[in-house]
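Quick one: structure below, then a few questions.
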Amino acid sequence: MTDIPGAAVLETKGLCKNFGALVVAKDIDFALEPGARHAVIGPNGAGKTTFVNLLTGALPPTSGAVLLDGRDIAGLAEHERVKRGLVRTFQINTLFNGLTVLENIYLTVAERMGVATGLFRPVGSRPEVVAEAERLVEMVQLQDDAGKTIDELPYGRQRLVEIAIALALEPRVLLLDEPSAGVPGAESHIILDAIAALPADIAIMIIEHDMDVVFRFAERITVLVSGAVLASGAPDEIAADERVRAVYLGHGHGQGHGQGQGHG
Amino acid sequence: MTAATARTNGGAAAALLRAHRFRAIELLPWAIAIAVYFLFPGYRLLATQILVLILFAISLDLIVGYAGIVSLGHAAFFGTGAYTAALLADAGWQEPISALALGAVTAGLLGWVSGWIILRTRELTLLMLTMALGIILYELAKDLDDITGGFDGINFENSAILGLFPFDVLYYTTNYWYAFAFLVLGFLVARTVVHAPFGRSLVGIRENVRRMHAIGTPVQQRMRHVYVIAAAIAGVAGAIWVQVQGNITIGVYEFEMSGNILIMLILGGTGRLYGAFIGVTVFTILENLTETVLGTDPPYWELVVGVALVVTVLFAPRGLLGVFDPLIRRFRERSA
Amino acid sequence: MAAALDIATTILVFGLAYAMLLFIISVGLSITMGLMGFVNLAHGAFAMVGGYITVKLVTPMGVPYLLALVIAFFLVAALGAVMDRLLYRHVYGRPELDQVLFTIGIVFVSVAGVSFVWGPDPQNILLPEMLLGDIDLGFKSIPVYRAFMIVAGGAIVAALFFGLERTKIGAQVRAAVDNRRMAESCGIPTGRLFTIIFALGSGMAALGGGLGIQILGGLKPVFAFEYLVIFLIVVAVGGLGNIRGTFVAALLLGIIDFAGKYFLPEGGGFFIYGVTFIVLLWRPHGLLGKA
Amino acid sequence: MLKHTTGLILAGAVAFAATAEAREIKVGFIAPKSGGAAQLGDQMEKGARLYMKLHAKDLGGDTIKLIVRDSKRPGGPIAKAAAQELIAREKVEILGGVIFSPNAMSIAPLVTAAKVPFVIMNAGTAFITKLSPNIARVSFTMWQAGYIMGEHAAKEMGCKTAISGYTNYPPGKDSVAAFARGFEGAGGKVIDSIPMGGPREAPDFTPFFQRVKDKKPGCFYVFVPAGNHAAGVAKTYLSLGMRKAGVKLIGPGDITQDTQLQGMGKAAVGVITAHHYHADLATPENQAFVKAWKAAYGAKSTPDFVGVGGYDGMAAVFHIIKSAKGGKITADSAIGALKGWHFNSPRGPITIDPETREIVQNVYVAQVYEDKGMLRQKKLKTFEAVKDKCKELKIGRCGK
């Protein structure tokens, strides 16, 4: 995992975002190589989710560029970026709450396979799409809940649907926004196992508060504070960085340990 | 297929694969419609109107119930289809089916153009924009009365359907079956669309737009597409509406038309197609037949309709058809 | 030059009078929609009932007009509070479409109720002498009634802004409109607050109904349907829950409507809808609404 | 139980046999009973029922069953469905009523096909009698009052210029077109013609009236539909101080509709209108009519031209029934009987023009004045046996 400019799948250059006078992203340079396991950490309000939204195109940047495969994707809408393999999960579950688990994933698969515009042949005569959705349901071990609506599932299980949906899109770059947030300690290992099992060639950026997860998972860490990159480097470098300790780890590490003990 | 169903508990996949199949109970509304023709010849124009309004409500359900686009101006498309058919007939193009097809085209075009502009917005703003469009068209039709006949409207005649079945101005025989046939057709189109992946993706848009963006759906485009489909079907409904009656007034563009059809749809239940059947029928019957029971002094129908709406919301939150949901669920669970 | 000044004065005076009416009636709707996300299509029914109460107090009973307005305000505010507690609370938080159906049902019932009680005839009111006639501005005379509308409207607007900016309840309302969950967690009783707001909004609508009889040319049972559209437009153009926005929208629409009809009567109904269309495309959240 | 029922049937059969001559004739009556025009439908029905009550004996034992249907909105479909039901299910022999012209238009093909006579008791757009040979109209056309008002304004009121303001729908256009013909024919000049919104819009006329005031015409001719629009006219006229500015308000009698008049207050005093009826007409027929009306519907209730339309309409229905002499009523026989039919109505003598099946009647120019706190109308001039100018001159759709 060396920094070779140009080899990055996803890259930002001088990315800035202001809401009026409020600066939420300040001159962020960031790069994600193929197969990367890259954590972005930072205190609450550091602009992490905003950063994800800027990457996916949910928010337009005030200035700066997002590059996918070295190409500026400013002109691409969110859904077009997804089609190019840039996929995210949400910090707070963002699912089709009235639909069943299988339908949630079915919709995603249909979209990825390009059949979602089909007007005439019913879902029922496309068993291959349904079968693929079922495969993904099994991958996150939700087969017992496949027929339940999202509303009927506990939050932690819903979280798995988030991940299954992301996987269903066959991402090349996956942005995981606090995948274990809101999951009870006893269940978080399911999520972590699912993440650990992700295909190695996917470039993954994970935003996480739980330092145990970060240090177990990440090969590289970027620290965001007040919308700007404070430090970036290998986990041990970050752990050793005085500035990071000062503004973040002291407080955040304790919290991480708390959670660690919770499910330990 | 059986391999697929075997893998998940609860038959989720089986349900998904089965959803589009016809059930015996779906014959019921059609059987009733056929029976009504023979049982109530004296109400046949009213019954014909109900058939047409059901088609109109179905077209609205496609956008409101499936895609979550709430419109207070759907009469814009209904009226455009209606005026297309009426003005063609008035100008001498009296063949009804081609006029109706052109009505679908003009309404669809209007849907395409207006959808491009309007569908960027949501909620109250979307509501107001759809409404403003409808009212602007109403004003336009009113002011262009040299062409449209304006407030008083025009009477016109169509030639026999397929050259065989002339419209009946008194007993609405041919007229009824004409409306019936296009309701069946329109319903089948709508039903096919909602069970196709396209229709499922509309439900996704209704349930969670942010997620749809994030799974790579061109949401705007898909909403525009369904908007055009709904507009075209509404145009067909409008065309039939005036063809079976041989008369058009600017009433087809009226705000009440948009408002009432939305109320009827919600009353029956949105997002299920059959809600349109029950909502339109119940509303129209309460509106028009209350007076034959209770008289017109004072006019009780408004009270009856109003109370019906309030009671429905309090006791049948998912519309009248929603009342049956628990029953159906129990039935399914038992049979599963 | 003199002619231009003359026309400008005309448009300003009449446009303003109409705008005041629009604002007084619409502001309650704007707050209820903004605060509770509650779509109250029956708002016009409260204005209608207020109008009928005013007429019936003045004409057969001989109550002075201004006093009748005050009584109508309090009676309808009380009615609003009762409706809120008895009926509306069942549908708060329900899907929008349910609220639409429910409140339209209320409109139907109110229309039927009013026509049962008072019949289908339009109701008129004979204003006191002091409100008839003209005021001479030197270069132009304007009708007393319009001047009265502007002054009364201005006073109500001022009282409303004062109430919202300077009182505790006002601050709570602003907080709740801004972020309801946050307000609740700060201990603001939004449920009770909403009853108060709802009552106040209904009372304001009633006041508008009573004030507007003269301008709107007689009350009929269909009032609640006829004016629904224009109130919704004012709310949407102003921005949901935004009182200043509602005021600006009322001014804009009131004046444009008058000017449009004055200069180009053939355009008739187009202006107000055309302006609505353009404003909402330009600013989808309304003139002063937040994104 | 069974015996009891049989007894009833027998008794019924005997009763039927005893009055075998007497018939019950079903008459369909379509009018708005709810919605914005409900008070007009109410007036018209009251007028019709008053005639039925006063003349019940004229039918010699036959009775009329009046079946009322609410047309609700001005557009065609509801009225049309009601008409189809009345004809096909209720089997009415005569159809009547109708406030709005589009209602009448949409019903026209039905009465042609069903061969049912259709007596229009209000709807006043001039050309609609041409839509079916089975239509006869006993109300008015917009041309009758409008043309005469135009002539009168130019000749008698000294107006050299006029502006017309109208509700933007066919009766309004008819009315101002008629006015312009009459006014300009007599040497006046119409300097502006202002559409003032549709019949279903809020009746706020201020911007239009202010425009008129600023243009300072001699006369301002206004047509708005009867009802709350009418009340708005006089009020706006007063509140803008137009009288002081020297603009005379004139119009057809719709703007001084008797039922609205007291609610207008002093605003209406001095207004001059041309119309075929006002409740203060000092004829014995009218005085008896108004007295009977007040006896039936209360002292505060007043008939107006819509009520007289219903009353005379029912007189026409009675005439049809009597002419059939117990035989079957067909459209041909009924309309044949109405052609040239003469009746001494409260509004004065009326006839149905055999050529056009249109009413021929007096038109009165009248002025509003105050008498002991009540507003009344004083007849200034009578124009006798006025025909519909639109059809005479073959204007627009009247000529087709």
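Residue numbering begins at 1 within each chain, and the chains themselves are lettered A, B, C and D in the order written.
Simple rule for what comes next: contacts are C-beta pairs under 8 Å (C-beta built on N, C-alpha and C of every residue); 3 or more make two chains touch, one makes a residue touch a chain.
Quick caveat, the model's predicted, so the values are computed rather than measured.
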Partner chains shared by subunit C and subunit D (touch criterion as defined above): B
Minimum number of chain-to-chain touching steps separating subunit A from subunit D: 2
Highest-count interface - the chain pair sharing the most C-beta contacts: A-B
Far-end chain from subunit A, centres as C-alpha averages: D
Separation of subunit A from subunit B, taking each centre as the mean of its C-alpha atoms, in whole Å: 41
Euclidean distance of C-alpha centroids - subunit A vs subunit C, Å: 48
Distance between the centres, which are taken as Cα means, of subunit D and subunit B, whole angstrom: 37
Centre distance in Å when subunit B and subunit C are each reduced to the mean of their C-alpha atoms: 33
Two or more partner chains touched - positions in subunit B: 142-143, 298-299, 302
Touching two or more other chains - residue numbers and ranges from subunit D: 33-34, 38, 168, 198
Per-residue multi-chain contacts in subunit A, two or more chains: none
All touching chain pairs, where touch follows the definition stated at the start: A-B, B-C, B-D, C-D
Touching residues (chain side subunit D, partner subunit B) in the complex: 33-34, 38, 68-70, 72-78, 80-82, 84-85, 87-90, 101-102, 105-106, 108-110, 112-114, 125, 128, 131, 168-170, 173, 198-199
Subunit B-touching residues of subunit C, taken from the complex the two chains share: 33, 87, 90-91, 94, 96-98, 100-102, 104-113, 115-116, 229, 232-233, 235-237, 240, 266, 268-270, 273-274, 276-277, 280-281, 284-286
Subunit D to subunit C touching residues, read off their complex: 33-36, 38-39, 41-42, 168, 194-198, 200-208, 210-211, 214, 227-229, 231-233, 235-236, 238-241, 244, 259-260, 263-265
Subunit B contact footprint on subunit A (complex, rising order): 56, 58, 77-80, 82-83, 87-88, 90, 94-103, 106-108, 110-112, 115-127, 129-131, 133-134, 137-138, 143-148, 165, 168-169
Parts of subunit B lying in touch with subunit A, wherever the complex brings them together: 1, 3-4, 7-13, 15-21, 192-193, 195-198, 200-201, 203-204, 207-208, 210-219, 222, 225
